[in-house]
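For reference, the structure discussed in these notes is given below.
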Amino acid sequence: MLSRQPQARAASTFDYKDPLQCQKLLDEDEIAIASVAKEYSQEKLLPRVLDAYRDENFDKNILKEMGSLGLLGATIKGYGCAGISDVAMGSSLVMGAIHDFGTQELKERFLPEMAKGDILGCFGLTEPNHGSDPGSMETTARLDPNHEGVYLLSGSKTWITNSPIADVLVVWAKLDGKIRGFLVERSRCPEGTLETPAIKNKTGLRASITGMIHMENAPVFKENMFPDVEGLKGPFACLNNARYGIAWGTMGALEDCIERSKEYALSRKQFKGNPLAKYQLIQKKLADAVTDVAYGLLACIQVGRLKQQGLLVPEMVSVIKRQNCDRALEHARRLQEIFGGNAVADEYHIGRHVANLFVAQTYEGQSDIHSLILGRAITGVQAFC
Amino acid sequence: MLSRQPQARAASTFDYKDPLQCQKLLDEDEIAIASVAKEYSQEKLLPRVLDAYRDENFDKNILKEMGSLGLLGATIKGYGCAGISDVAMGSSLVMGAIHDFGTQELKERFLPEMAKGDILGCFGLTEPNHGSDPGSMETTARLDPNHEGVYLLSGSKTWITNSPIADVLVVWAKLDGKIRGFLVERSRCPEGTLETPAIKNKTGLRASITGMIHMENAPVFKENMFPDVEGLKGPFACLNNARYGIAWGTMGALEDCIERSKEYALSRKQFKGNPLAKYQLIQKKLADAVTDVAYGLLACIQVGRLKQQGLLVPEMVSVIKRQNCDRALEHARRLQEIFGGNAVADEYHIGRHVANLFVAQTYEGQSDIHSLILGRAITGVQAFC
Amino acid sequence: MLSRQPQARAASTFDYKDPLQCQKLLDEDEIAIASVAKEYSQEKLLPRVLDAYRDENFDKNILKEMGSLGLLGATIKGYGCAGISDVAMGSSLVMGAIHDFGTQELKERFLPEMAKGDILGCFGLTEPNHGSDPGSMETTARLDPNHEGVYLLSGSKTWITNSPIADVLVVWAKLDGKIRGFLVERSRCPEGTLETPAIKNKTGLRASITGMIHMENAPVFKENMFPDVEGLKGPFACLNNARYGIAWGTMGALEDCIERSKEYALSRKQFKGNPLAKYQLIQKKLADAVTDVAYGLLACIQVGRLKQQGLLVPEMVSVIKRQNCDRALEHARRLQEIFGGNAVADEYHIGRHVANLFVAQTYEGQSDIHSLILGRAITGVQAFC
Amino acid sequence: MLSRQPQARAASTFDYKDPLQCQKLLDEDEIAIASVAKEYSQEKLLPRVLDAYRDENFDKNILKEMGSLGLLGATIKGYGCAGISDVAMGSSLVMGAIHDFGTQELKERFLPEMAKGDILGCFGLTEPNHGSDPGSMETTARLDPNHEGVYLLSGSKTWITNSPIADVLVVWAKLDGKIRGFLVERSRCPEGTLETPAIKNKTGLRASITGMIHMENAPVFKENMFPDVEGLKGPFACLNNARYGIAWGTMGALEDCIERSKEYALSRKQFKGNPLAKYQLIQKKLADAVTDVAYGLLACIQVGRLKQQGLLVPEMVSVIKRQNCDRALEHARRLQEIFGGNAVADEYHIGRHVANLFVAQTYEGQSDIHSLILGRAITGVQAFC
């Protein structure tokens, strides 16, 4: 033991799965929920993912299962939600929006059922012509001239996760030129006012369902508008939560890549019966990836703690969303090389991770955009064209 | 891409599609065949590729069409082949093997029909447990104790392009411990001696058909063995031709990525109506890619000229196969970022290029393996484990 | 451990100098000593560094000054040392060795004067032919046949910081084939038995003095041998402390690079009077560097906490030494580009940082070596040739 | 053009010093002059460079020696110059300017003596506040109100190679708002009108002398103004020649790095007596560097041939200047790692190459600037702030 203090207790060993012992920074609840989520993923999701990815299917039961484990909207306190810490779980985008901006009545109407996975939401911000620049959105809301207390929404959203199967759609639209949030209920929209076609033949995230939202005078009761939030503040606050969750998620994907690569490198023999794991070029790829997981998790934990203390600022999320996505993608690609030609077989899972991580790098703020957000925060000068 | 107009001699301008005017290094025949191939690709292949990629289909008519254009075995002189220069076209793997190592009789029997695309070949070297290290192959040939003049082949090959639809299979197997090449004719194999199942659910090269070859005493007449080539020299010579072709092919894929990215960057407006093309971060990605295409093509041309002069050594092919694959993949990934979330839509083609280029980096000698081949040539010391 | 206690609650803002608020993880003493060290560096060291670097001078007074501030051997408790936490300061290599392995008498004789900077030590492990592989060292110790209780040391060490000016030299040598540690006192060595020539014309770390140690039967009293440590364990434990300090130090150098680059980018106007800071390509360099400082500091803090709890294992130090050196060097080089041609003027300091950080990447375990140490820990297979 | 003629047919071998046999693309004269230059560099320059670099000295005799070998202004036909091809040698900046833009009289007065190295020139374009943006220069020329036929130049230039020792200074200045070129003769400038202080303590290119030019009404006869060139066209044409030469020069520096690294890797033994050259991580560094030298030289040759045919456009030079500088610097840095701690000893030369190549990346158009020049050429959109 190198330490000079006489405090050393049990002998410590190096665990490549947690090289800097991030585990020690978590409390018991956080460890417990991580364990539940991991077990569920391994036992229930993994066996289904290959088929889902091949066929672009999404099984709605997954949400019910996750709901029954308390994994939906898990940071929310009350409304049937688990109320765990930010470090324990990145927040749900839609439930988070309702919780943060909805009226008491909206929360009570929707959150408990969403927490069980019985009704499903989606979050409609991005438009076909406005990806990185939502402030230019074209979707509008206007008062229905024929029905009091009703807004009519018109416009299109795209790349909306779960839109084809959502019961409740959070839609951001301009009302008198100002961005407001609305809860569109599918069951209340007359035929022809709301269409949510799926986007098929995706090159990544194929086990997740993605679609568009086309609205032509889709009606929303006034009570379904978020009362107090106006402008980009609202959707950006929601996105910030999502980005925080993405920073965590990419590390999980990378951990799986590492584990699979290591196993493959140990089992695959080439040249005189040596495993690939004996190659220096292979070991370096593994060492690089393991290092960035450790660093990335520390950053997530730190930002999670700051979030819980109310000290979060959006640029912090830009830091970890960008870095963790970039690093996870870079390493997943390097690790994919270990599989050689076999990487092309989807049973090895690595190709799926690479494809998904590329999407993670682009959504909720493409990497370059976050660079410029940070550049502006550093220099005080803005460089968006 | 490469402009084909008669060589202007007026004031020169910069053409990003050919920044260093590689075109000037080609002769008329080479320019002509490039033009034929490009036109065919754009008009006949492009419209079919999305569906083929989605469904993992390969249309055998493609080979007949290419045959009718003289694009099959095009560097072979005679036997119904076009006899063009090495710069004009990378050689066909199977036809090249027959041409280089087959008897006169084998050439006459197979090449003319293969040149027309009427019969189809495949090249069986890689085995499930021996990817980078074919010298350890386990497939064997032995004399049939019951039929004179017949060898019986047993063993398995995998990742064999076109094996499920091939009529003639070049198979490398050990005869008395020495690697020899055999032409297995599917029509002459009794049921149960030859199986060629397709490998499905690939994460790349999905518009190309790939399979295994399982042989259990598959019979081959003595005349179908390559007479004079023994050991790894034979398959390696064939692979060298294939690698040379791959070095060219990756540049073509990258050119397409550049063109599509540039178009997207010009048409996509964000932030005050400026096109993405105005972003410095975007321009750098394009400039980097364009530069490496120019360099990569010069290297292909140079190696092609050396090949024609009989001055080629395998390490030269390692140089250009590795570098062009690595650079093309790297740039395709950077360019993919330009598309943001839209990259996930397969209609933009960029995701397919990225997936395919990753495979190109791994097949016919994974990039790291070529590093070590070069490292050995530079230092005289070998570093394979 | 990363703190979880609720803290300040005022509105938080983004501070690029501490983007993830690492400061919140430090206690008051740690913050205080960091402040002392920073003030000393800015006010006393910075004004002298240009001349020192140009002329390869090292001013011995620096050690006295640092001693008077409690900055030498600061983690040691007692013996006139400050006894601060591991997070507050990386340990002194020589004082640490004496403290960890010396007898009580040795500690009392040397540590108090070393803490004041009145006598100076150096650490002699590396030999001319054995950089990454100290186990093959050729320096030997043997009993003096003519004087009882005396060892005679013979052999050469190189790249030894401070050897030309050291009063006490920790030298590792083989006694009966086993590596042992000796305290060589310069004042007790007869002429010709100990030479410590300076190595001049260095391309980096020029403000630090470096030299060789040549010993030809240099005498050491038995009492000056570390009694209980044998083999590489001893020097490696010392090096681990040094590496831990290096991981911190590189982040400090990078912070200075960021600050200087940012200032330059804001003050330098090109093209229509815009500051360089408005360039996207510049902002990305800054954002990348700022991100890795934040991540690197979190990792240092975490490892420091584990060290204090006796939970440190050497591979953890490999993780942070390698990563922080690599990242600091990479970013310093990118930031250097911001200065354009002016980077070549040493007044901008950036060239010095780059040169020094390259040395940091190579000493105390070159980056690739640490990759292989980690690769072995991950795979269980060793890949040293 | 890359040659297509059939050439040698003896067995070819792989030569890592010329992996793609660029040599075959050169004619006899080009090979001869390369050989003269190489021999001169190895025998006359190399023995002096360490001291020159350490002390920032430049020996003016070097120019006389180079002159006597025909290496100055070598592409110029007549005026005592060698008249070799563009591939044989990058042009001299100052002599090129005089040759391309000077009157017949100026050529005859200056070129023959400059070709012999008897008088020395420098090229004054860059100003302290205008590096990447020379169009904003502040130096002015005006008619001397007291002497007919004389211009008076005022203003400052910086980072001017050889300014402190130049006899003739090409200075670009604004006359009536338009940029014009002047030949300032030091011997004709009264005291106080022309100062050319050296810039000392450079962190790179220390064996080359660099300085400023301060002019306060420095007189120039009308005959010494370039008659026909106006605006940035003139200096940019000169710089283009210089950049073309830089693209070649960086490859030479990198070749030297490769050779030295390879020698070191073979001679340095670590871990059981294996040379470093046996490390995969080392071999990859060498293979990467060797590959980019081959590619970079092909590009230089191609651009040289286009230059000779009058087909050069500036963007082509941006392509090769940027790429070859970037690649050479990147590889030199990787190769430097091979030397471990020894890299810091200047006797290994690698540190000097790295420092110099960084300067090469920034001068005559910093790498990012050339990215944007190319980005503009590709997209048609300009992204300079």
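Lettered A, B, C and D in written order, each chain numbered from 1.
Rule of thumb we're sticking to: a contact is a pair of C-beta atoms (placed from the backbone, for glycine too) under 8 Å apart; a residue touches a chain by one contact, two chains touch by 3 or more.
All figures in this text were calculated on a predicted structure; none of them were measured in a lab.
Chemist: Taking contacts as defined above, which has more of them, B-C or B-D?
Modeler: It is B-D, judged by the count of C-beta pairs in contact.
Chemist: What's the chain with its C-alpha centre farthest out from chain A?
Modeler: It is D.
Chemist: Indicate the whole-number Å distance between the mean C-alpha point of chain B and the mean C-alpha point of chain D.
Modeler: Chain centroid spacing, chain B to chain D, equals 41 Å.
Chemist: Between chain B and chain C, what is the separation of their C-alpha centroids in Å?
Modeler: Taking the mean C-alpha position of each chain, the two centres sit 51 Å apart.
Chemist: Out of chain B, which residues touch more than one other chain, so two or more?
Modeler: Answer for chain B, listing residues that touch two or more other chains: 278-282, 284, 368, 371-372, 383, 385.
Chemist: If you look only at chain C, which of its residues touch chain D in the complex?
Modeler: 50, 54, 126, 129-133, 136, 159, 199, 201-205, 210, 269-272, 274, 278-282, 333, 336-337, 339-347, 351-352, 354-355, 358-359, 361-363, 366-368, 371-372, 383-385
Chemist: Using the touch definition up top, name the residues of chain C that touch chain B in the complex.
Modeler: Touching chain B from chain C are residues 279-281, 284, 383, 385.
Chemist: Taking the touch rule as given, give the residues of chain A at its contact with chain C in the complex, in rising order.
Modeler: Per the touch definition, chain A meets chain C at residues 1-9, 12-14, 16, 19-22, 24-25, 27, 262, 265-266, 275, 277-280, 282-284, 286-288, 290-292, 294-296, 298-299, 301-303, 305-306, 309-316, 319-320, 322-323, 368, 370-372, 374-383.
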